[in-house]
Amino acid sequence: MKLTRLQDKWKAGETGLNGWCSIPSTVSAEIMSLAGFDSITIDLQHGLVDYQTALGMLQAIGASGVTPIARVPWNEPGIIMKLLDAGALGIICPMVNTAQDAADFVGAMRYAPEGFRSSGPTRAAIVHGGNYHHEANDTLVSFAMVETKQAFSNLDEIAATDGLTGIYIGPSDLSVSMGYNPGLDRTEAEMDDMFGTILASCKAHGLKCGIHCGSADYAKSAFERGFDFATLASDVRLFSAGINAAISQMK
Amino acid sequence: MKLTRLQDKWKAGETGLNGWCSIPSTVSAEIMSLAGFDSITIDLQHGLVDYQTALGMLQAIGASGVTPIARVPWNEPGIIMKLLDAGALGIICPMVNTAQDAADFVGAMRYAPEGFRSSGPTRAAIVHGGNYHHEANDTLVSFAMVETKQAFSNLDEIAATDGLTGIYIGPSDLSVSMGYNPGLDRTEAEMDDMFGTILASCKAHGLKCGIHCGSADYAKSAFERGFDFATLASDVRLFSAGINAAISQMK
Amino acid sequence: MKLTRLQDKWKAGETGLNGWCSIPSTVSAEIMSLAGFDSITIDLQHGLVDYQTALGMLQAIGASGVTPIARVPWNEPGIIMKLLDAGALGIICPMVNTAQDAADFVGAMRYAPEGFRSSGPTRAAIVHGGNYHHEANDTLVSFAMVETKQAFSNLDEIAATDGLTGIYIGPSDLSVSMGYNPGLDRTEAEMDDMFGTILASCKAHGLKCGIHCGSADYAKSAFERGFDFATLASDVRLFSAGINAAISQMK
Amino acid sequence: MKLTRLQDKWKAGETGLNGWCSIPSTVSAEIMSLAGFDSITIDLQHGLVDYQTALGMLQAIGASGVTPIARVPWNEPGIIMKLLDAGALGIICPMVNTAQDAADFVGAMRYAPEGFRSSGPTRAAIVHGGNYHHEANDTLVSFAMVETKQAFSNLDEIAATDGLTGIYIGPSDLSVSMGYNPGLDRTEAEMDDMFGTILASCKAHGLKCGIHCGSADYAKSAFERGFDFATLASDVRLFSAGINAAISQMK
Amino acid sequence: MKLTRLQDKWKAGETGLNGWCSIPSTVSAEIMSLAGFDSITIDLQHGLVDYQTALGMLQAIGASGVTPIARVPWNEPGIIMKLLDAGALGIICPMVNTAQDAADFVGAMRYAPEGFRSSGPTRAAIVHGGNYHHEANDTLVSFAMVETKQAFSNLDEIAATDGLTGIYIGPSDLSVSMGYNPGLDRTEAEMDDMFGTILASCKAHGLKCGIHCGSADYAKSAFERGFDFATLASDVRLFSAGINAAISQMK
Amino acid sequence: MKLTRLQDKWKAGETGLNGWCSIPSTVSAEIMSLAGFDSITIDLQHGLVDYQTALGMLQAIGASGVTPIARVPWNEPGIIMKLLDAGALGIICPMVNTAQDAADFVGAMRYAPEGFRSSGPTRAAIVHGGNYHHEANDTLVSFAMVETKQAFSNLDEIAATDGLTGIYIGPSDLSVSMGYNPGLDRTEAEMDDMFGTILASCKAHGLKCGIHCGSADYAKSAFERGFDFATLASDVRLFSAGINAAISQMK
């Protein structure tokens, strides 16, 4: 398997900037993939995208060299395996609240004997090469989302999951879980401390740590703070920002 | 969030007439939405519809003012949350057989601390307004289907589920479960009694009670009997009725 | 090529009842195809259907035995040939106003030397059999629509077009062209006389004559009058009739 | 037919700001429709959209109150009529270079006796009301694009076309035709003079005049100069602007 | 319900040759269905197909007379029931590792009282006939995949599952589970012995036994050995074989 | 614009082997694009593909490095320009029978002043680079199909068309036009002579000459004879060959 951009960046000790696709369109995905991100995540959870559309999006971003990632709707083996077979090189799994959740997730990502992923990488083998089966377990990126109070209380056990690539912080859900309003780019000290604790736990366990951001400033500070991976807003947010800037200039 | 038609009707103490979409088409859905129903349910269980098609159907019925509802294939958080994020204002969940089933269902419908719905209402926030997060838990319609002998035996515990909007009777499955043939608009005394018991339990718990009907006469009598919500056949049934009437007139 | 139902009916000297699909859905098309019609016309002119959707609809009605027909958006060879290659066994062409229009239409339907249809019947050869090329010119149904005052004034020249199967009356456009309101099932003496004249011209030239009807009564009387082919409303009209009957029964 | 926002604005003597959809997605179209534009044009010429996708986009923007417009790929009656039947309330036609081109275009937009549009407004009648046939000729917006040297030389004859709503300037093609590089928001005196001549010709013939702009500043100055209609960039341009702003902020 | 080809073959004591569809296209599926297989399995697990696409494929193969089967992504009742309602006459369920897994699978296939399948066979009743409900439990084909060491160790308990039609061997996953490389058409003595044990267990329990093959030779020997059902490669494999044969002939 | 594989081959004085896509699927197209062809032609004429599907296919083959070409349904500027804007780097135009046909075709391919292509290369500019406008006229591949007796009689005038890249022989239609049965890989002396005459005319006018072949042997001999471009069967033919080889091996 040839390494894609996020993997190259990490190998070189650099950070990875992630773009986020919620619009169910191969065209917006292709535009995102050519914009300068290191990886593109197709969001099948809160994004307006399901499997068949995601497949087309994975094809449309194939020429760009970005690392193709998918967020699944829920921690279910069927959809995790389908997206890997479709060529995703990473999965972000929401709502990983316990060590068992994390083990289930990582198990679905890996072929036996490390896990229970079923063999049949239809498109993955075509586009990622013939040695896919033997390299997949070590190459695919698995991000467990820590985004609830419960997950935070189980942090170290989750981080200790064998085979997990990293933890991806969902700041909005985690804040809601802590009694705050939803939203990204949190500034509350309590939330900030929690993010720091998660980052430290990742470092201690040799994991990558990522975070979902709503602005370039926040993403930059995350990288400065030591995060390995940060999402810079979603296509919907970037599209709306472009529209609103133009519309408000008209007035 | 602006109230839609079913919510207005209920607020005014009136009943809600529901249309049912099984055909995977934005065109048939739009026609249904303009026909005079108070709500339209897109059926992802027995209907020939999956998520991506349902999204287009939700968009196509958006101009009509009807309350958009979806029936999910099964009691699974991933698809419940996806449909809410896509803008459905209500969910009908099949095969809620125990209090735990009901709690799982309602938990997936509600943000913390009431439930465990993940935050990210992509289209819902765009079309239903910016205060969506804070009003959703109290506004969204959750109907648990009681459609098995087991569910009936757990009726009061299901009805006692905190946050549940109502119970929706599936007469065909409930009849099959009781040893009868499948079919709507039951006339057996035993079935009729069960429906009465469910209706009474709903009233006792302050819940709405709905029922799936196959004819206008049955739906009218359901409203007279005190049901708050009745489905008047499906698009397939109404379409077939229109075709058959014309064809038989030819002979 | 195996004969389909309309062709069988005509061979037996009987009339053909046609169903009309305007809804872009393989599901509504399949339901129509199983309802008892002799042919199903997928309408790419006023119907909400384009080529790719029509292809799926042609596949979905393939098991029914009805004769698959398509109405093209306009008298253009590209789309006529694409629909034949996709397996349509007949084409209804709108707005055939002159003998030249008719010759252009029929030319696009037929392989050389009779016409200029390009060879490459991709799906047609797969589903209609290997001898397709040699039987197509004589087997495919070509209906030229006479639906303007101009077309009516050129009636006999149009009817004299070599290779044309028949004339299909568009009563609504023809009425509009004559200064009336749009609508099917005309009762004005002037329109009725024109229909009679067209029917007589067809009989004189050995052509089939068809007409677009909005009700079973009108279609029945058309058959009694000698028409060979009548469309019994569209899927939209039949669907709306089914819905309206049920809704009005509720009130 | 209920007036939509562009028509209301014009009736009130105000200008109309148009949004432009090139991405084949109901989701990006819906977002555009809720952003504050008066009309949304779905571009089937240079946009990556064909009829079936455009239909879904027309449905998705139906709730917003904007005036739905489509640009056709070429001056061909089939696609013009299909888009009107699908509910578009206006058509922008590219490459109208002669009075004959303009007459062909306007003829395809209008029912007899004014034109030769075929009757069968399947979705238009459903969503725009039952009196559609009688109001359509006077209500639908027809914009002929003047975008070549030839068209400019025929300007007054084009502007004199009976039933034409207005002229829409394609600055990029017109500039290419004059020997300049492609691009919007022209500042060459020659181009500026030509735009002024077209605007004056429109005013003299009682037509609306519109122009395709790439920035808010240019669109604002167009309105100040007397243009009735201006497009503020396309979805692709606004999306790219939003992405680029964020990406460059990262560096 | 009319019997389809696989059912006819089995009834006559013959073997069934199965084709496998991984390409999400109604066209490739239709071609496969006309090629001479007894059944066609649409693979929603490793195939690049989801529900909505599978529905169109089921419609496209309806005219061929082959038995339509689907493999589900995972042992989940929602998707099993949806595919049956869509007209699949058989389900292959992956990763059935325990007797409980098998009971869950078969329960989802069967109406009460034998199982817990929900009633509402929307398309199935339309295309397979009105007595569908009463014949489905006895007619539908249920294949549990035995493809892990764990499943093999529970073989007889799985085979004893009431209502199960048969066991389908997944040679690749089973080999991976045993420490071999993935791949079909195994020649290792250990694997061959395991296949023999499974076949014998099926015979002992009155079950059908099927196996996934990659070549005609292997499938032929499977039939000679007593297997009732064998898959002859997938569409992707057959397509690639056709391409590679031609390309290598060029060199 | 970066050169793609066919362009590189031609620049190096080599021949180009073309693959042909008739199946409307991004998956089969992607498989074809990775198989070793120099270019891939998506066939919108006899292929079962329309514009929206072709767009996805163009995206799916973008990573392969092959030159993306499209065959249009007919010589119409709207669809030619749409496919170029979608990123096709070449167009094969059927039924170019006269010098005027050829001039119309080439005019639609080229920006002013050489032609009348409208400017707005939405996807083409994104994926092929910012200097697209200035390089397109000289870079895009235009193949006029000579496939009728009439075209053959106008051969030299067609070949003299300024800006034309080459002539593509349609052996089946040309044979039909000469009174033979349809089919590729002609062996009749008369047909062979005509092919030779066309090839010689191309060489004399400095044009590329291509031919549609049905087998590797025929394509090889075409290259040996001096053809610059040969299509090696279609996806449907290669797929069917793969299926038939396996099926017949079973018997």
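Assorted remarks:
Each chain carries a letter (A, B, C, D, E and F) given by its place in the written order, and its residues are counted from 1.
In this text, contacts are C-beta pairs under 8 Å (C-beta built on N, C-alpha and C of every residue); 3 or more make two chains touch, one makes a residue touch a chain.
Nothing here was measured: the structure is a model prediction, and the numbers come from that model.
Chains making contact with chain C as well as with chain D: B, F. More than half of the residue-numbered contact pairs at C-D reappear in one of the options C-E, A-D or C-F, namely C-F. In this structure, the chain pairs A-F and A-B differ in their number of contacting C-beta pairs, and the larger number is found at A-B. With centres defined by CA atoms alone, the chain at the far end from chain A is C. Farthest from chain B in terms of Cα centroid separation is F. Interface of chain D with chain F: the two copies contact each other largely through different residue positions, with under half of all numbers used appearing on both sides.
Inter-chain spacing, taken between the CA centroids of chain A and chain C, is 53 Å. Taking each chain's centre as the mean of its C-alpha atoms, chain B lies 41 Å from chain D.
We define each chain's centre as the mean of its Cα atoms; on that basis chain A and chain E are separated by 34 Å.
Multi-chain contact residues of chain A (touching two or more other chains): 24, 27, 31, 48, 50, 52, 55, 76, 79, 123, 236.
Working note: touching chain pairs come out as A-B, A-D, A-E, A-F, B-C, B-D, B-E, C-D, C-E, C-F, D-F, E-F. Residues of chain C that touch chain F in their complex: 50-52, 55, 76-79, 81-82, 85-86, 111-113, 116, 118-123, 133. Only residues 22, 24, 45-50, 52-53, 72-74, 76, 79, 94-95, 147-148, 170, 172-173, 176-177, 179, 181-182, 236 of chain A touch chain B when the two sit together in their complex.
Per the touch definition, chain F reaches chain E in the complex via residues 17, 23-25, 27-28, 31-32, 35-37, 48, 215-217, 219-220, 232-233, 235-247, 249-250. Residues of chain E touching chain C in their complex: 26-27, 30-31, 34, 55-56, 59-60, 62-63, 123, 126-127.
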